[in-house]
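Note that chain A is present in both complexes that follow, paired respectively with chain B and with chain C.
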Partner chain A sequence: MAEIKWGKREDHTLLNTDILRIDGPDKVSGRAKYSHDVRLPGMLYGRVLGCPFPSAKPKVDISGVDVEGAFVAMPIEDALRDGATTWLWQPIAAVAAETPELAEDALRQIRVEYEEQKWAVTPDQALGDDAPRIGRDGNVVRPSERGDLDETEVEMDECDAVVEAEYTIPIQHHACLETHGVVVDYSGGDEATVYASTQFTHGVSGDAARELGLERANVVTLVEHMGGGFGAKFGLDLPGMIACRLAKESKRPVHLMLDRRSEFLAAGNRSGGITKMTGGMMKDGTLRALVSDITRLGGVGMGANPGQPYIYSAGTSYTTAKSVLTNTDSSRAMRAPGHPQASFAIESIIDELAAELGLDQLEVRKKNLADEVYHRQLDRAAKEIGWHDHANKARPAAELPDVATGIGFGVATWGGGGRKVCQVDVKIENDGSVVASVGSQDLGTGTRTYLAAIVAEELGLTIDQVSARIGDSRFGNANASGGSTTTPSLAPSIKVAAHKAREAFFERVAPLLEAQPAELKAKDGKVFVAAEPDRSIPWASACAGLGEAGVEARGEWQQDLQARGIHGAQAAKVEVDTLTGELRVVKFVAVHDVGLPLNRLALRSQINGGVIEALSYALFEERIIEPWLGAPLNASFEEYKLAGSMDMPEFVSIIDDDDDREAVIGMAEATIIPGQSAIANAIFNACGVRLRDMPFTRDKILMGLASRG
Partner chain B sequence: MKQFEMLLPGSVDEAAKSLPTDDSFEGRRKVKVYAGGQDLLGEMKEHLEEPDAVVNLKGIEGLDRIVPLGDGGLEVGALVTLRALEREPWIQERFPMLAEAAAAVGSPQIRAAGTVGGNLCQRPRCWYYRNEHTVCLKKGGDECFSFEGMNKYNAVLGGGPSYIVHPSDLAPALISYDAEVTLAGPGGERTLSLDEFYMLPSEGDVTKETRLAPNEILTRIRIPGGRQAWRSTYMKVRERGAFDFALSAVALALRLEDGTVREARLTLGGVATKPWRCPRAEKLLVGKRIDDATCRAAGQEAMRGAEPLDHNEYKIPMTQGLLTKALRKLGNA
Partner chain C sequence: MKRRPISRRGFLKGAGGVAAGGALSAPASSAPTPEAAKAVFPSPRVRGEVEVELSLNGAAQKVTVEPRTTLLSALRHRVEPALTGTKLVCDGGSCGACTVIIDGEPRYSCMTLALDAVGRDVRTVEGLSEGQELSPVQQAFWEEDALMCGFCTPGFVMSVTACLEENPAADDAEVRRACSGNLCRCGTYPHIFRAAQKAGQRMQGEER
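For the complex of A and B:
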């Protein structure tokens, strides 16, 4: 077999171009069927009852439930600790009924007597003298220490400027449009089908089989379309487990998608955190010493933070880190777990030090970034945002205009490599049709589209000549979509499968052209002898002789078709209304290297999406649990504010084509990392208000302006 | 939401008669008035209201009209949608503050369904009130949790014992146009100024925001004429660019002669327990030209008596800043 390579990117006719997503029309017209849309004969609707206290011993009385045909399940016992819930809105019972409304009625007929336990929802409460013991090993867990404090302090004393600050970042929700959940089609017997909103098609079958008491081979998982995951949807999860129990109990299919409140409170989150930092800088902009103390706040989970000085170099650095547990649901992975948190702290303190020394924000970054790729990308971002014509490059003037304009920067990193796990099948039928299948899933990133595109490119077809089938556990194995690993794990297997299918196909076609298989080429819907393009045969005719079995090939991962290690530089331009504190992000530039671009349109959409998610986090998003009542105050889309179309800036999303690696890399995570940092720095650059506590709401800007005088 | 009966009266009288005379009596059948449903449905879904019946006004003829009056005034039926107000060129031209206020409400979907009557009678957005599990003063409990709690969005004016802010965008604009409201009950109609329609939490039943009796229905609004020489504007600061309630709002109407203010109306939204008319600031503006000193002084007067809680002090400079912008806008128009 010939060596398999992607080839030069400029030689591609489909890959490395803007490809419209093949399922786009289905999605925008509503034809696309999500798990939430599944309707089966005899199906019941499930609802989950969450405990309204951060910790309580519930006494559940179901005797009052008189909704006809309702089934009640109590999933609680195995999740309680000493009879008590350990996190706010922890499910304590569930019901299934003929309609969602009846299920809701039945749920409210369950009488619960709560014996409230001691709880903590803030780190202060969790660290207080009479705090409840939340984790088995206490409330401070996974402590770590790195570096030499004494040495760092000696270096700090030598610095020309020292800034001490505390940066706080709130808990962010994944806010997937489709909530967590499944439809379990099980009515007794040996087989079941699970329609899941998941990032891991193959993972659900095993979990569901265990819960249903079936063999894994007899449980099919289907994920035709799914409405967003961002890291929160691996495995069967609580709602799926409860749905299986309800289906087993009722012997009816059960549809259980969380309602929005439960989604906000019981389906995971991006951990918040506090980073206390002292940084020291030299007059030339060199970051010489950094002391960081990181607290991760992930509810009953550990939270995430990659540590400091993150992407930057610091002469000496000393970091301590710990998680503080509270009685709220566990943090989960969320697009670049921990990275936005780390970015906000380091990008802010570098900016603060630069301002203190009157240094150019752009140049001081380059000074402390060893990797030249960042210099190139920062320069590009600076050019696009208009940095060179921007009057103020360090500190704003004392006298502010009614509308003050500012620019800020931040950088990103990610691995984005894949691993050997995906098995892709490509079949060429004797009528010329081609189907590519793998049990992967499309989280909205365009997996289905590049599955068809890679095969079409290899076979010289148009993308609509290839059917892409995904989201079915009966298809070849595929990895969980997390950490930007889907594409680097899957795309190489697709390429190999398509390549092998083409070679097998050429073996069969070569005699028709009286040529050797190695002499053939497929392009523009024809198979021809490469040296003599006139000796050709149309694709359909070439396939006609394949017989009933057609040609089939399976592809596995090949390491050198993917790579790891990407960067990114982003710049935000904001306008601050100094009379009212109103903030507008007017322009946002994001430059990212991505290895081989499979679909340039989808890549720019990924960049836009990451920027939007970061902008929304920067301006609005924050979970609020009332510290005295332990009550959730914004578990709805009204009160938990997400950026809308009116809040969008002008986007300049750039694929860094100076990266000439002919290998596929996962890049989605990097795009979300530095947005809020760039915005924070832009606010300071505009009006001199340094916001160390996200989100950057009008009240904070205005009070900051007031204290500036 | 809880199941309920839907009543479809053919007249205002019939509708009013289906309402209980007193809603304080425990165990009585609970009936709620339904128009666009933009607030009521949310309340029912969150189980803040669980009526046994809702009286749907949409079948009543004549409540959805915008009627220009002979004196240059305007009558607006309670069922007129916010979108109709926002889009009516005649209103945009003569009552711009009203069109701007209507356009500032919620989202296009909400404005398409939401009505004038519903907007004026809507319940507070305070998140303690909106959380089913926190039984606050507004819901018959004995504590206003926002007083010492997470009160960033709460009132700096007119607070005590409740600190909600009145959420309406239309009300401040209508009050600055001296609007009157007509309420219909089983005994007939009564009219009062919209300013009087609202009450402070200290003035009566703290679970209510208006003087609407349990068996009354708001049927129409009248704006008196004689405003041809006035300029007006509604300006609102919110966090999100759309689908958000006011952090602060200014409804300002001025009659200017050669750059000098001859008459003024100023009502604030988003900062007080009711739409907050500012008579002292209005008086201060009369006889003044719009310059920085006037803006500063008017801002001082408008926020006189403000008592910030722990997290809402920003509303004072925000409102003053917004008033400055509104004054400059009208002064330069």
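For the complex of A and C:
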């Protein structure tokens, strides 16, 4: 078999161009069916009752439930610890009824007596003398230490500027628009189908089979479309487990998608955190010493933080880290887990030190970034944002204008490599139709589209000549879509499958052209002899002799078709009204390398998307739980604000084409990392107010302006 | 803004929430008995169902609803076959995923009772395209990649459609205002704005 390579990016005819999503028409017309939209005969709607206390022993009484029609209610006891819930809104009961409204009625009729337990929802409470024991090993877990404190302090003493600061970043919600959940089609018997809103098609059937008491081979999982995951949707999960139990009990299909409140409180989050930092810099901008103490706040989960000095170089660095547990739901992976947290601290302190020394913010970054790619990307971002014409490159003037303009920067990194896991099947039928299938899922990234595109290009067809089938556990294996690993794991397998299918096809077609298979090429819907393009045969005619079996090939992963290690540089331009404290982000530039771009249009969407999620986090997002009552205060889209159309700046989203690696790399995570850091630095650059506590609300800016005098 | 949300349902929901919340969070000693709860909230289950006729995408359709059934719930759960293009996301008038066009105006169907839609012209995303032929707004959304996971997309398509049907020459600021009641989590806004401009230009071309 010939060596399989992607080839130079400029040689592609379909890949590396703007490709319209093949499922676009379904999505814009409402035809696309999500788990939420599945309707089955006799289907019941499920609802879950969450415990309103951070920890309590519930006594559930379902005797008052008298909703007519098929109905099931049962306490969920096996997740309790010593009979008590351990996190706010932990499910304690569930119901299923003929309509969603009736299910809500039934839920209201459940009477619960709560024996409130000691709880903690803030780190201070969790560390207090009177704190409950939340984790089995206490409330401070996974402590770590890296570096030499004495040595770092010696170096710190030598620095020209030293800044000590504390940076806090709140808990962010994934806020998937389609809530977590499944439809379980099970009415007794040996088989079941699970329609899941998941990032891992192949990760559901096993758990569902266990819950239903079936064999895994007899449980099919379908993920035709899914409405956003961002790291929060792996496995059967709580709603899936509950739906299986309800279906088993009722012998009816059960539709259980979390309501919005439960989605906010019981479906994961990005961990918040506190980073206490002391940084020391030399007059030339060299970061010489850094001491960091990181606290991760992920509820009953561990949270995430990759540590310091993150992407930057520091002469010496000493870092301690720990998780502090509280009685709220566990953090989950969320697009670049831990990285925005780390970015915010290091990008801020570098900026603070640079301002202290009167240094150019752009140059000081390059000074401390070893990888030349960042220099190129930062320069590009600076050019696009207008840094060179910007007046204040270190700190703002003492006298501020009514509307102060500032620019800030940040950088990103991610692995984005794949592994051997995906099995892709390509079949060429004797009528010329082609189908490519794999049990992966499309989270909105465009997986389905590049599956068709890679195959179409390999076979010299247009994209609409290839059917792409995904989201079915009966298809070839595929990994979970997490950590930007889907494309680097899947795309090489697609390429290999398409290549093998083409070679097998050429074996069959070569005699028709009286040529050797190796002499053939497929392009523009024709198969021809490469050296003599006139000796050709149309695609459909070439396929006609394939017989009923057609040509089939399975492809697996080939390592050198993917790579790992990506970068990114972003710049934000803001305007601060120095009278009212109003903040507007007016322009955002994001430059990211992605290896071989598969679909440039979808890539620009991804870059925009990452930047917008970071902008939204920076300006608005923060989970608030009232510390004395333990009550959630903003578990709805009314109170937990997401950035909307009126908050959008001008976007310049750039694919860094100086990256000439002929390999695919996952890139989605990197785009979300530096946005809030760039905005924080831009606010300081505009008006001299250093915000160390996200989100950057108007009250904080006003306080900063007031204390500036 | 032209949106006139009908908020009676919001009141009902609020009242229910108070009753249930009280029962859930009060200490055991003061928890209302079921009888007491009934007194506060005499009929937690409104079971009376009535058959009404809705005008959906130009066709009259008989639907059985409860007085409390929202238009959104009727579309998704009671109409046969279900019209599931209209999405339920926040169920409380803050995200726009359930936007439909009633008598030419964009409306949150989660904040509109099905009964209040009787006698009015209701258009859903399914009604915009004829067969496989997309409307100018849908076509432009596709071409500009104004969608990612796609769950908010029908709502945005309806908001932009209502905006451009009123004024196909709507500028970028008007489009942003028209979309200010819709939320997207994937971050498709910039491409939506471009799609709206493209669709508006095409619609103006058609008018000429």
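Definition applied: the second predicted complex is superposed on the first by the 702 of 709 C-alpha atoms of A that agree within 3 Å, B and C clash if a C-alpha of one lies under 4 Å from a C-alpha of the other, contacts with A are read in each partner's own complex, and residues count from 1 in each chain.
The definition used in the following text is that contacts are C-beta pairs under 8 Å (C-beta built on N, C-alpha and C of every residue); 3 or more make two chains touch, one makes a residue touch a chain.
All values derive from a computational prediction rather than experimental measurement.
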Partner chain in contact with A:702 - chain B first, chain C second, else both or neither: first
Chain A residues touched by each partner, larger count belonging to chain B or chain C: C
Which of chain B and chain C A:52 touches, first, second, both or neither: both
Which of chain B and chain C A:579 touches, first, second, both or neither: first
First (chain B), second (chain C), both or neither touched by A:518: neither
Touching partner for A:626 - first (chain B), second (chain C), both, neither: first
Touched partner set for A:530, first chain B, second chain C, both or neither: neither
Touched partner set for A:127, first chain B, second chain C, both or neither: neither
Which of chain B and chain C A:646 touches, first, second, both or neither: both
Chain B and chain C contact sites that coincide on chain A, given as residue numbers: 52, 101, 104-105, 108, 638, 644-646
In the complex, chain C residues that touch chain A: 16, 19-21, 23-25, 27-28, 31, 34, 44-45, 47, 66, 68-69, 73, 76-78, 81-95, 97, 124-126, 128-129, 132, 134, 138-139, 141-143, 145, 147-154, 157, 175-177, 179-180, 182-193
Residue numbers on chain A that touch chain B, as the complex places them: 52, 101, 104-105, 108, 577-582, 619-620, 624, 626, 628-629, 631-634, 638-639, 641, 643-647, 697-700, 702-703, 705-706
Contact set on chain A toward chain C in their complex: 18, 20-21, 23-34, 36-37, 39, 45, 52-53, 64, 67-68, 99-102, 104-105, 107-109, 111-116, 174-179, 225-228, 230, 259-260, 443-445, 601-602, 604-606, 608-613, 636-638, 642, 644-646, 648, 651
Chain A contact footprint on chain B (complex, rising order): 1-3, 42, 47, 125, 127-128, 130-131, 133-134, 145, 148-150, 152, 237, 239-244, 247-248, 311-315, 317-318, 321-322, 324-325
